Amino acid sequence: MDIGMIGLGRMGANMAERLLRGGHRVHGFDAVEAARDAAKARGIAPAESLQALIAALPSPRAVWLMVPAGAIVDDTIAALRPLLARGDIVIDGGNSRYQDSMRRAESLAADGIRYVDCGTSGGVWGLQEGYSLMLGGDEAAIEALHPILKTLAPSADQGWGRVGPSGAGHFAKMVHNGIEYGLMQAYAEGFAILQRKQDFAFDLHQVAEIWRTGSVVRSWLLDLTADALAKNPTMEGIAPWVSDSGEGRWTVAEAIALDVPAPVITLSLLERLRSRDDDSFADKLLSAMRNQFGGHAVKKE
Amino acid sequence: MDIGMIGLGRMGANMAERLLRGGHRVHGFDAVEAARDAAKARGIAPAESLQALIAALPSPRAVWLMVPAGAIVDDTIAALRPLLARGDIVIDGGNSRYQDSMRRAESLAADGIRYVDCGTSGGVWGLQEGYSLMLGGDEAAIEALHPILKTLAPSADQGWGRVGPSGAGHFAKMVHNGIEYGLMQAYAEGFAILQRKQDFAFDLHQVAEIWRTGSVVRSWLLDLTADALAKNPTMEGIAPWVSDSGEGRWTVAEAIALDVPAPVITLSLLERLRSRDDDSFADKLLSAMRNQFGGHAVKKE
Amino acid sequence: MDIGMIGLGRMGANMAERLLRGGHRVHGFDAVEAARDAAKARGIAPAESLQALIAALPSPRAVWLMVPAGAIVDDTIAALRPLLARGDIVIDGGNSRYQDSMRRAESLAADGIRYVDCGTSGGVWGLQEGYSLMLGGDEAAIEALHPILKTLAPSADQGWGRVGPSGAGHFAKMVHNGIEYGLMQAYAEGFAILQRKQDFAFDLHQVAEIWRTGSVVRSWLLDLTADALAKNPTMEGIAPWVSDSGEGRWTVAEAIALDVPAPVITLSLLERLRSRDDDSFADKLLSAMRNQFGGHAVKKE
Amino acid sequence: MDIGMIGLGRMGANMAERLLRGGHRVHGFDAVEAARDAAKARGIAPAESLQALIAALPSPRAVWLMVPAGAIVDDTIAALRPLLARGDIVIDGGNSRYQDSMRRAESLAADGIRYVDCGTSGGVWGLQEGYSLMLGGDEAAIEALHPILKTLAPSADQGWGRVGPSGAGHFAKMVHNGIEYGLMQAYAEGFAILQRKQDFAFDLHQVAEIWRTGSVVRSWLLDLTADALAKNPTMEGIAPWVSDSGEGRWTVAEAIALDVPAPVITLSLLERLRSRDDDSFADKLLSAMRNQFGGHAVKKE
């Protein structure tokens, strides 16, 4: 089927390419010229403007947004809105906050435009292995998208599905990412313990490889960890500095709002904050307190 | 090759059967008659005594212990010791504490008996899928075991290996289990958040299935979680009571001893303690404190 | 000086009484008749309506709100606004979210009404011991309130102060409560450890008393804990169920928004959520997972 | 009464001086000459040897150990043992592990020597304010010590007591220190949040002072924190590096051994480990994992 892909960055361009390979007609657009050029080199003919993109799509149109969460999504929708017609479908495949998706779906419904939120997992590997897709929104709209969903997913009947009404797709993706934080932190802590046990001089890559088959902790993240350890067993040159991209925070906030204690997901987020706080005021104050009551020497900077 | 398997419980009997299927001559023993009978029904001819088991093995003998960690391992070794000869190999495939394995290896070395510690992962699925095996000890001893290790493992060249000197195998298994606690807790928290978000009425089994392919959180534990949710989506009849079997505790203690902060693994253990503490004195005292300073009503039992 | 106290509940009535004792003319109002009657019995002559209250106050008026945080504050301000004049001062002494206080201050400033946010700590003991007061807002407005602040505080020059612009008072109180959660949880955990160590049969009240003088952990919360343990050493009849009133949640959210890792404050909140979750889905799922991979029995409900 | 004080370091010399001021005859000893000289300058006449110390004491002798926990305690006891007689009392006022105290008490009992474990809190302030003393051991032995306990404590009837049999004193002190870790961490996090909220430009010392009277979080640790913030409001020159001295670790281990979840005390310890881990392997690996699955850039060292 025909699909318009807005946002041809790392994720969007890969998804466009997977759709092309699957026999779909992909019309692309990116506000950045370099992204359009890069997409063209990969066989995706990008439109020069949103207008041109929409004009190229048959009705009812399906437009997939793959742009950074936040204001850009709202701006893009605002620009699209006058170009679209009743019955058209807009899919937000990015990492939007689920409450935003609920709001957008409701707003566009006033014009008869159908809004589908799609949590998309798979990262840079999705091009080859397919994407895990969690969809929220109108059932008929999602049904109309089945051809492209079956292509984007790992297989026609696996790794994708409508999980609920508007917002449910991004909610599920948010939780997915919260879990991801926890899984990553668990592996990282485990390997850090092995690494510190210098008496045994573990070959961390070997241990990861052994665990990859047969063990209870085998997983795709472990496969990637094994790759990372093969390339750089001592993590040389990599700073102990871990970014976070919003969904972990939202999961923590949502868990608290729902009165669900989620200590491991929460601590995984806090550890990332901690990794970036190399001048901790709290720790300085603790050191000063110990000096106050016990006369313990503080370490000078 | 010939192998003596001591301990024909859930794990030992499965491992014996996998070895039999692989063409090895398996001699079994279990102190419990019912376990011997059950083993016989699966084609493993158990010896009537340790003496008979040892007598049946060609030299140098290989004896695999698959008994509960702790005193039983020491007792079994004490009973075996006079029956064994210089050059024989004892493998402890259970979940022993690594310091115990180091001590046992050193002790048996005085008699020329070679002791191999083998962390074994795979649970009840190992029979079909093979076991992940992390080995510690003498290189030559482990080399002599290669035929059975290749059979027990998922494949001849995957999922097993010598990871270091005596103790290293059980150390790696200990950390493996610590990671496992963290992974399990991360999934459990994530699904609990989904379950509590009643507006979306998630089908938890469906979400697990979607995540199983393509997503960043795909793993074998997620496969099992999907199975569990398929059978019992509401966890009906299951008490919120989670056991722990020692290795999580050891991982926490070891991390602290090594000055490695491992908050997620640690909290995963504490959550299990919490699950079994349904009459928390701490919580009662908190409620009483709030009443003291703020006049807040306590909830009565 | 003259002051109008709106909200004559547990906190408001006590504060009104402390002000009366200090020689101020206190005009009170409460929407609930029973609260008005109770106040009258304590010597506070309550007005029958907001209008009557405002009419009774000399210009520039000072009106202190001691009502539950949230919509009631907005509603009360909306009702007051047309009754007030340029130069009047409204103080919110409740536990409002600091962003709300910033918004309200800005809104009222349009009419020349000065809004002061006052974090108030001290609980039911404040009547006798004085309240700790953290004030945010216009310097001149706060200066005009000095007479009543000096009376409400533990002493004229201790326990109160302007800590910054609008919002800063409630921000400081929010953090105060976050710290309070952490302190309470630390004590509760410690006494729970003592209580569980049955070999030593500790008298928890005695231990608390010993710690109250000379020890590093002496504090007012420990004094209260000692009282609670004196009255009810086994916490008999008290459910292990701990409420939370919003400020802990805000502190956690604010810490994350500021990229400050605050694990102890955060976990203290999560423990309260946990205390109220006696049918944890996460724990049930963990139990089911263990059964899946290891054949471990689940505990039945 | 007469007392022999072994160990004239920061704590021991202060305690000796407080006893002197209280009218007791204090006989001191320290293996380090400089400590003996410093003690002499404070009016404590130190013996030149353990033999001389013991010879100077009337029977039944009371000998107070104030030496670092661990091997030094065992060595000192071994040296004392042949010098002591049936009925003599040895008090360990240091931070020994409670299991060690139980073992030592049992061992010395074979010779009729009475061993008292005394958890001592108060730090460098104890000299002026008195020490909080938690005692474990034989009732009659402790009764014989009442004169010196009443002097060391903040007052004759406050801040000290026998809390149970041998080991109970050090157990209570261990938990005391665990609580202390939690309290300190709670304050440190709170002030770190205030410090990071730059819009409000809080004067942290002022906030601490406000909280010191009337507030729910008032405590002696807060008094000390206020002092530290007065002297150095920005913690300039202090490294974010926090030591730990054993008792936090023991509390965590004990809580787990008793199946008591103590997340806040536990996290407080882990935060200290974290403060000293400025090259976290776990964080590097997390960064590498993110790069693997998402193509996210790692930060270079």
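Labels A, B, C and D are assigned to the chains in the order they are written; within every chain, residues are numbered from 1.
Following the convention adopted for this analysis, a residue touches a chain if its C-beta (ideal position, glycine included) is under 8 Å from a C-beta of that chain, and two chains touch if they have at least 3 such contacts.
Which chain is which protein? Per UniProt: A, B, C, D = Decarboxylating 6-phosphogluconate dehydrogenase.
Predicted model, so just to flag it, every value in this text is computed and none were measured.
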Chain whose Cα centroid lies at the greatest distance from that of chain A: D
Pair in A-D, A-C or A-B that repeats B-C, with over half of contact pairs matching by residue number: A-D
Mean-CA-position distance for chain D and chain C (Å): 33
Chain centre separation (chain B, chain D; CA means) in Å: 39
For chain C, residues that touch 2 or more chains besides their own: 123, 185, 187, 189, 192, 196, 216, 221, 259-263, 267, 270-271, 274, 282, 293
Contact footprint of chain C on chain B as seen in their complex: 10, 123-125, 184-185, 187-189, 191-192, 195-196, 221, 224-225, 227-229, 232, 235, 237-243, 263, 267, 271-272, 274-275, 278-296, 298-301
Complex interface listing, chain D residues touching chain C: 121-123, 126, 129-134, 136, 153-155, 158-161, 163-165, 167-168, 171-172, 175-183, 185-187, 189-190, 192-194, 196-197, 200-203, 206-207, 209-222, 251, 254-255, 258-265, 267-268, 270-271
Interface residues, chain D side, partner chain B - complex: 216, 249, 252-253, 256, 259-263, 266-267, 269-271, 273-274, 276-277, 282, 293
